[in-house]
């Protein structure tokens, strides 16, 4: 945004900054305010908060999109984080129920549609993949559809009809051919789609067969994780930590995020996000250690929520310089450290043939104890080596959090990189 | 847009390019296609033309904007080139007539509102300035409102209510505080504004007092130019050339543009543009010589129009390398060269104190005849030294144009830099 | 270089600018001086001209380079334009004669070594190619050795010993493996090389066999161009124009340059440059029309020289906007226009298979006469259609030049794109 | 440097990279090697180490520089880090002794001239300032002379004769008017200067008066720090830690560096560096926490040296994520943590009027113990609260280091921001 070079221009710059923050596709703004800028007179140069402005869809485009949806044999709703930015999650539920269409979300939008909803396909793994491959109309809302390392590609895209509702025309025809586009804020767009669909849908008809297919598919997908989530192995299976976490947390008033790497992949596979911003999904090029900042920010924004983040042996080293400040400010978040003794890769093949799949190994727990480091600067801290101790330790940590003290739980775990997959483009495709 | 690195990606890139060209705020796209890219199979990688997509306004914002307009004591419509890009000129006329509000346009939008309309204030000079200073609500459509060398600043902006309808949120709160914004395509926006205003306006009420104020103000403003446009002086007064041009051209089927410098300022002050794209206004940082390209492009787009461009002693040297090609392709445009023997400044003060206001002087006509240069490569060419010869020479040129031969008329003129002014910000303002 | 923001800083910026202009590897400097910068007091902020500073070679590197040269079976001196910038042409002659080594120059350095010297290989074509392929030690002075479209690649570079004397370390090991480098100003470097070589070379021994090989090779190479340079064909063969030009010009007091395209290739192949800056070679990414600026600059720098530039049908259109000023300022240069009626490619294959080798064709001479255009703005101008008229026309043009009037000669020529080649890297090479 | 796109180009890129690393003004090189680059054949594409090449001074410039030095009344040698990069520290001593001129160094060059030498003025504070203000000829070697926050400006520069010996012409006439420049590698330059000066200096004449002035000035300057270095106060005065450190370390086989902020300023003021690279001075825009990396790198480069770095409450948080790896790799360095309970400013005035000079305060030692954090991941760690315990604790830490274990000593200190100053430009100067 540039440098503010006279003090009395601060309100102008603030106005401009918040306009961009609250309008269109919001993005970060970087005002540069020199230390010695001086002062200005508030009365002469007042600042009034900026509301932000949205644009909505072209009614013709809305009609075309709904027509394509109604003409589909196997439609799929594909929701991205634009739905969260537009505060349009309840409209998304209403539209999906009206249309009786299954809904998957991107990693970043995890929680934008309740994952406990009968129409939810979740984010990743076999259930999402099945519907993604099968659909003839992919109806996207609030997503760029740009495929990266931590999102699905659209398989057989040229044989599907892609409808893309987005606030940013740069995403249209960018990754795939877009047959129909609807440009505008996700909330205004979903309201217009509901308005167009309502009279045609004839009330909330139900589709019990579809719901049953989803339910059975979800059960099949989760069947590979259930035993891990209940495993009594030592070292502790990391899924046991997540399974127990879900037993202790209230999903309607919690926030969970994870660091990049295996903790992101495991958490985003099995944690069921039921409320908007109940999970922070992030991906691709991410700073290790960012999950601490995510949890701290969530706690400040939602003080009544239990805020938890999961990190690994690499991530914890990136964040520990900040622990003293978290304790000093009495921000009651809980850090779960999955200590499996190494900076993990993603299993065989990840680093290429001939390479160890794991970049073993860091100092063993006897000579380096991260819980002790956290305690040294004011965290409540525990090492947990037994599966049966996971839930009691979580309870103690959350109790400390309630008193304004952050907690650090170090779980001595095994490697277990299995998680839900992403659909990749066909190797010969374009 | 980047480099196309495999031939079969050409349709993808074309799709992306035309999406950007035809959606949102359209802009230029630069695909880089290497010479040795190879070929691809049309059947396997087909291209279907892209329609382009628009977004429209938030209905709440439309209501707020119309409410501000109706509450105004002295409203002003300020139209920018977004109206032309959105093909919304007839909607603009309808909205202005419904609201009975005076309309001025930016230089780039000259012609987006018929300058012969009783509500038109034109682009520059005392009439536009009067209304711009007086208005309490400035209602802008399709303009960035960014003030530059060849547009008005908004005087006393902090005491006015600015309503800005634009497709680009970057322009909101950029130059002035925007009280109300309406984000969207100008055509969808004007349709929504008309829909909101119609029931309230109660049909096309007329405002004869306003129309009379405009009529009288326009007459006063033009009074300083009329004598020049009819002057019999030699060297010919440049306004005489423009006045005679307007006598010969049919304003409903013509295109006029001018080079940067005095020819732009004189032409944009007195030429009355009555149809969309009947005048190409351009400004600020402009390549001298561009008017030839403007006229050639207009002739190719509107073959039935008489296309004329006006240039001066500097501009002509920037364009003459292209004359041979214009003649070779039989593009029947007419170049008017205002030869006043020098590369003119803008009169006293322009180059600063102590400098000659004109950067006299180029070779005199006896030793350098541009009409002869143009004839040498296939143009019809004439020198015109007498006022009485202006109209006959224009007629002969247009006759040649009709036969597919470009024409070059060199008028031996005086310096006469007087033209309509721009409102500048107050020196102490912010 | 940045923007001068206070008037009294002008001497500081000037000092910095001329330091960079006159030191190390000189380059252009762009000071931005705002129009309204104000004034400053010369006495308080005086400016004294900056001498510029050079660095010279490491004596150890000089010894290693001379040792490599003396150990060579077939050494080759490869001189670049750094020799011209360092004003080291007489040192180059001295060094080459001491070492009795053949010398070729890059296109940009054409004339840095007298092309009439018995050790000169010229710039391009079979003679230069023979020695370039054969050499075992390539001893480069003042060249980046970076191969582009208008320079030689070094064939079999990994089997040669490359010695690179340059002022810029960025060029070392850039395009080829550099076995020995000598970093420093070309003049200081050549002086040190001469100082190192002199006692070893034992005075100016001669190598009559080498001189004879060069003489015979040059004769063979020129044999294909001699008949063209004496051709009586009509349309005139372009080499006839160049051959006749060389008969009229005094090579010791002339300057020649050519536009990019065929005129550059033909001129740089057959014109024999005998003095430093007697020819301006330029290449690769070049603005068409630049040859006019080159000739004008040369005339201002060397008023006593006859300055001539050669252009074609495309180039002439890029420069004609400047003709009026050249005539107005009475700059007596001569423009030779090789009119072959089209924007030429480089013969079959240039535009790829299936494309016409020439991008025929512009307006024919009857409807577009460039000599008439030039006359219209004050040049002396002639069309020349007969071979026998080339020399008389050149003499008339030069006579006009001597009176301060520029001249434009338009020769009605045939296409004839044959010229000396460049060595290209082997297709399988690295 | 760009991306290596074929495996067999690795030797070419390596050659280029090391050429730039070892030639001219060396700088960092960033080769980008994709993970899946593949392999190449070492025999076909061999790599031979690149020697790097230097350039030396123009002999005329050397003569002019020495003449200016000999003509000076109060000459001053001003040495920058170029002397270290060129490995020219013994030449610098020889030249200074020949010329009998006092020597100061920049912060980055601290140690390039032995600070225990009778001609040494050190880096900062009153002694350096005295000579800097007084000198009529400032003879600079290996410095850009660019003034920043952590170096001196040259006061009254326009009344001094500045001689600048540098490898980079960009620095000439950049910050001050350069009367004489000598361009080239510092070692070749100093050798040439010695060669030019030797016969004129007539052997190593001594200048006992000068030496006495320096000795007395140094004593006066250090008089303000001596009591602090011997203080028995608790909390411990930070200078006591530094004073005791100097009692324990052998200055001929040690390496010291400090983090940015007060630890840099205090350490660089009183620590006497006696060998090249015995101290790493860094400044201006520096990453907090970098001192750990400096100490680790020094230990790897000089395993036999005792390597120590000093950090504060802010710096320690930036580096602790790396402690586990330092312990794991058994790198025996010692971290000195000056814990004064806050992120310190630089005393009153630093943050502006009305701001607390210190950004008090972090968690107190009772609730956050950094030594415990370090111990938790394998460091030897101690808290030190008593002045008498500083030396014993240092001895224990160094003993642990000798066994390959890093050590962390946390000193509970007072704030004490006083340190040697920098000369600033005159406020009205240019």
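The first chain written gets the first letter, and so on, giving A, B, C and D; residue counts start at 1 in each chain.
Convention: a contact is a pair of C-beta atoms (placed from the backbone, for glycine too) under 8 Å apart; a residue touches a chain by one contact, two chains touch by 3 or more.
Keep in mind the model is a prediction, meaning the values are calculated, not measured.
Asks: Check every other chain and keep only those touching both chain B and chain C; list them.
Replies: Chains that touch both chain B and chain C, as defined above, do not exist here.
Asks: If I average the CA coordinates per chain, which chain comes out farthest from chain B?
Replies: Comparing chain centres, D lies farthest from chain B.
Asks: If I compare contact pairs by residue number, which of C-D, A-D or B-C overlaps with A-B on over half of them?
Replies: C-D
Asks: How far is the middle of chain B from the middle of chain D, if each middle is the mean of its Cα atoms, in Å?
Replies: Here the centre of chain D sits 62 Å away from the centre of chain B.
Asks: What whole-Å value do you get for the distance between chain C and chain D if each is reduced to the mean of its CA atoms?
Replies: Chain centroid spacing, chain C to chain D, equals 48 Å.
Asks: Taking each chain's centre as the mean of its CA atoms, how far is chain A from chain D in angstrom?
Replies: 46
Asks: Mark out which residues of chain A touch at least two other chains, giving numbers and ranges.
Replies: As it turns out, chain A has no residue touching two or more other chains.
Asks: Chain pairs in touch?
Replies: Inter-chain contacts occur between A-B, A-D, B-C, C-D.
Asks: Quick check: in the complex, which residue numbers of chain B touch chain C?
Replies: Interface residues on the chain B side: 35-36, 289, 317-322, 324-325, 327-328, 352, 362-363, 367-370, 372-373, 375-378.
Asks: Along chain A, where are the residues that touch chain B in the complex?
Replies: Those in contact with chain B are residues 8-9, 12, 15-16, 19-20, 23-24, 45, 50, 53-59, 61, 167, 169-170, 172-174, 177-178, 181-185, 188, 430.
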